[in-house]
Amino acid sequence: METALKQLLVILTPALFAANLAQSFFYLPEAARREGGGHMPHPLYYALITLFFGAMMFAILAPSLPLMWVAVELTTLVSAPLIACRRDRGSLEAMWKYLLICSIGIAFALFGTMLVLHAQSTGSARWYMAGFAFVLAGYGTKMGLAPFHTWLPDAHSEAPAPVSALLSGALLNCSFFAIVRFREMMPEAAAPFCDNAMLSLGILSVAVGAVFMVRQTDFKRLLAYSSVEHMGIIAVLYSLCGTLDDDRIVAAALLLHIAAHSLTKTLLFQTAGNLLLAFGTRAVSVVQGLGVSMKGQAVLWLSGIVLICAMPPSALFLSELGLVASAPVWVSAIVLALLFIVFAAMMKVGLSMTMGRPIASPEPLPKRLAIVPAALLALLVAAGIAGCAFVLPGGGV
Amino acid sequence: MNILCIILAAVMAPLFIGIVNQTKAFFAGRRGPGMFRLYVDICKLLRKSCPRPRHSTWLFDIAQSASLAAVIAATAVFPWTGGGGLSSFIPAAVFFYLLAAGRFFTVIGALDAGSAFEGMGASREVQFSALVEPIIFTVLGFLVLLTGDISLSGALSGIAPESWKANVIALVLAFIAFLAVFLLENCRVPFDDPETHLELTMIHEAMLLDVGGPDLAFALYGAALKFELLAAFLVMMFMPCFGQGWKHAAVMFIAIALLSAVTGVVESVMARFRFLKTPHTLMGAALVAALAVLIHVCF
Amino acid sequence: MLTISEIAMALFLIADLALAGASRLKYAISLVAVQGWIVGTLPVFLWDWQSGGCPGARIWIIALVNSLVKGAALPMLLNYAVRKARTRRELEPIVSFQISRIVVFLMAVGGFAVGRLLHIHETTASELAVPVAFTTMGTGCLLICARKKAITQVLGFLVLENGISLFGAGILLEYGLVVELGILLDVFALVFILGIAIFQINRTFASTDTDRLNRLGDTHLMHPHHKHDHVHD
């Protein structure tokens, strides 16, 4: 699992970085023009986002656990100024919360790392379990697992769109990978505890995501809570990997889910950033009737929402099908019920924003802002259709 | 020999106050009143007549003498030679009961004088003594746990050098906690400032405003004895056992002299706490004492 | 057994208690500095001098850099941030100092109980290290949660970090020089960025109280006239 995930992330992270860097070239000058002064200097922005990417790759490739800790903490440090790119009250507050909550979480992860390293010398399962609990809480904070997710909606909604996309698509995966590395080290005696902990945090995250998405009035926060929900699904999938006898389907579903979620979330955050530029607000109640006023963005937004809700052409459909098919019945039932709530909440926002009459008139956007999301959409749909066509008739992998 | 040591202790008590004052004078760059000033003061006061407030009763008349008697009793039960005598079968708590009895008489006398000022002093005295009580009894409990002996000499000198080494952390914590008791009970900086003699901020001496002549001499001598007693308690509690008799007494008096000098240094370098901060500090000291018990119990 | 490290641990405990009751920012920062010096020099004291001979360069470098950063550089940085942001000198408690101290004491009780439960003393250099580390971590969390100012949250984070390093030193964990310095660099950079953030927050919000930092949430778009939209000062 660890190796497969590592291989996936080594490919996925640079791809996401490239997509968001490209989008930054189009997005940043527009944002600076429309939002007025106070922006961080653009060379600094590019330096930081490149460092951010480097730190994430360092975290994925780190040879030892303590070194990985250093790298993950480094990702927090370099991405924090990016969140406060606009330097206004909201983004400063989001940055403060992000830095503080993540650093405290990461401090606990360091403690957990120490406990696990010590457990390796004593070999006691109790030390391993204590260590994993702290690691899960620590890196789980960074990964956005409920109840440690509180920084995530603020940071994701306040950051500039490419940064939000990178945070959600790449950073969360890195933190998940850190947890995976620890989980793979656990001895047999500690394994049930670790899996149960992951499973409960995963279900809780899906539930928290679902509850906060209902009646959500801010479309970027909606996407942030969607990230919490998908991280929950990833945690549930991973916990199943350890408990099932035949984990091939779940393992494949896990990898597929991670890749599909990252790409779809990038598409959505980039589109959300475009809408924010056009309307100057993140309120769902203002951004209405996109189908009339901005047809292109409407297509991107609605198809993104459909894809993230795991409607059939989406690759997420396959991975969630894998989850439901192989999980114990009660887990499937709970997750399905929660996913239904998520679906209803997201579709309500998606439809109300794209259909109906416009309330505010948007400032027209340059076409180039839609290039990267459109390419992502094409890729996702093609991959999803190919995947569905390949997997579904066979009735299994 | 035991009795000889008790008499010696009683005679030397004012000397330690002199040491404190000389140290302070040295730090302030003054010549100071000399080591034996308190002896001179007491002799002078003893020759004077005894004024009485108009409305006071017999309670006021006996207050200072009774108070001094209680403190002398405490001196008499203290194991100056490391054990033997009364101290080997009297529970350690009785020592503090005797000191408390002395305080009781002083307070009664102050209330009987009928002055609002002294009443305030008495109220403060009682308030702070209530606050130091938890520290005293936590430390006592710690000592009894450590030595397994409830008698005064056993609890104080039952620590063999080996077990002293094993428990030094807890002992240091208990020492710090009791140091707070020592400084507060003797109205020393940082809890109280003896320089502000008979002023409103004083805790103890506000009660003595109407006392004069031999009674004041008794009060001053009682305070000196109390200083010596608590210092001796602090020293004996911390020191490991190293035999009994003259050697013990001699080491103890030297240690008390050192402690007096340290008190003088503390008073020279620190300012008095704000009055409201004293309860907080005392609570901190109580927690430190509790930490000592905790460390002792757990390891 | 009496060693310098045990005395250092006792000092650490007292510093925890004092931090919980500290009402002055400067005093609290110096207490954190004291803890930093102790944690920094601890590897040298915990070294087994009798059988190990003179410790290698790794121990010396780590001790030196650690104590310089944690004992001198970080406190200086914090003091600078306090001055620059013109923060008021008092710590404003949400949980009173007295209760904080009792909580810290109870955490010490818990720490010692856990230490006994895990039979830590068989595997660690100092019996006191692990309980004291737990207590210190708890104190750090308490400072983060129970004080109002942004800078106390940084302070609390440092205390938490000190507790974790103490734990690492106490169980004689060896990462290697690179990792230790990496961790240290991260912490240093974090405090540095947080210091800058405090300055910016102070300039933007006209205050560094964290209760001003509550505009973001899941309801503010529903209530356009949010109560904190205007600055009270």
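The letters A, B and C name the chains in turn, as written, and every chain counts its residues from 1.
Operating definition for what follows: contacts are C-beta pairs under 8 Å (C-beta built on N, C-alpha and C of every residue); 3 or more make two chains touch, one makes a residue touch a chain.
Treat the numbers as computed from the prediction; the structure is a model and nothing was measured.
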Contact graph of the chains (line, ring, star, complete, other): line
Maximum number of contact pairs occurs between chains A-C
Rounded to the nearest Å, the gap between Cα centres of chain B and chain C is 38
Between the Cα centroids of chain A and chain B the separation in whole angstrom comes to 67
Chain A and chain C have mean C-alpha positions lying a whole-number Å distance apart equal to 31
So chain B residues touching two or more other chains come to none
Contacts from chain A onto chain C in the complex sit at residues 64, 66-67, 69-70, 73-74, 76-77, 80-81, 84, 87-90, 92-97, 99-100, 103-104, 107, 110-111, 114, 117-118, 121-122, 126-127, 153-154, 157-158, 212, 216-218, 221, 282-283, 285
Touching chain C in the complex, chain B uses residues 165-166, 168-169, 172-173, 176, 280, 283-284, 287-288, 290-291, 294-295, 298-299
The residues of chain C that touch chain B in their complex are 1-2, 6-7, 9-10, 13-14, 17-18, 21, 97-98, 101-102, 105, 108-109, 112-113, 115-116, 121, 127-128, 131
Chain C contacts chain A in the complex at 118, 123, 137, 141, 144, 150, 153, 157, 160-161, 164, 167-168, 171, 173, 175, 178-179, 182-183, 185-186, 189-190, 193-194, 197, 200-201, 204-205, 213-216, 218, 221-222
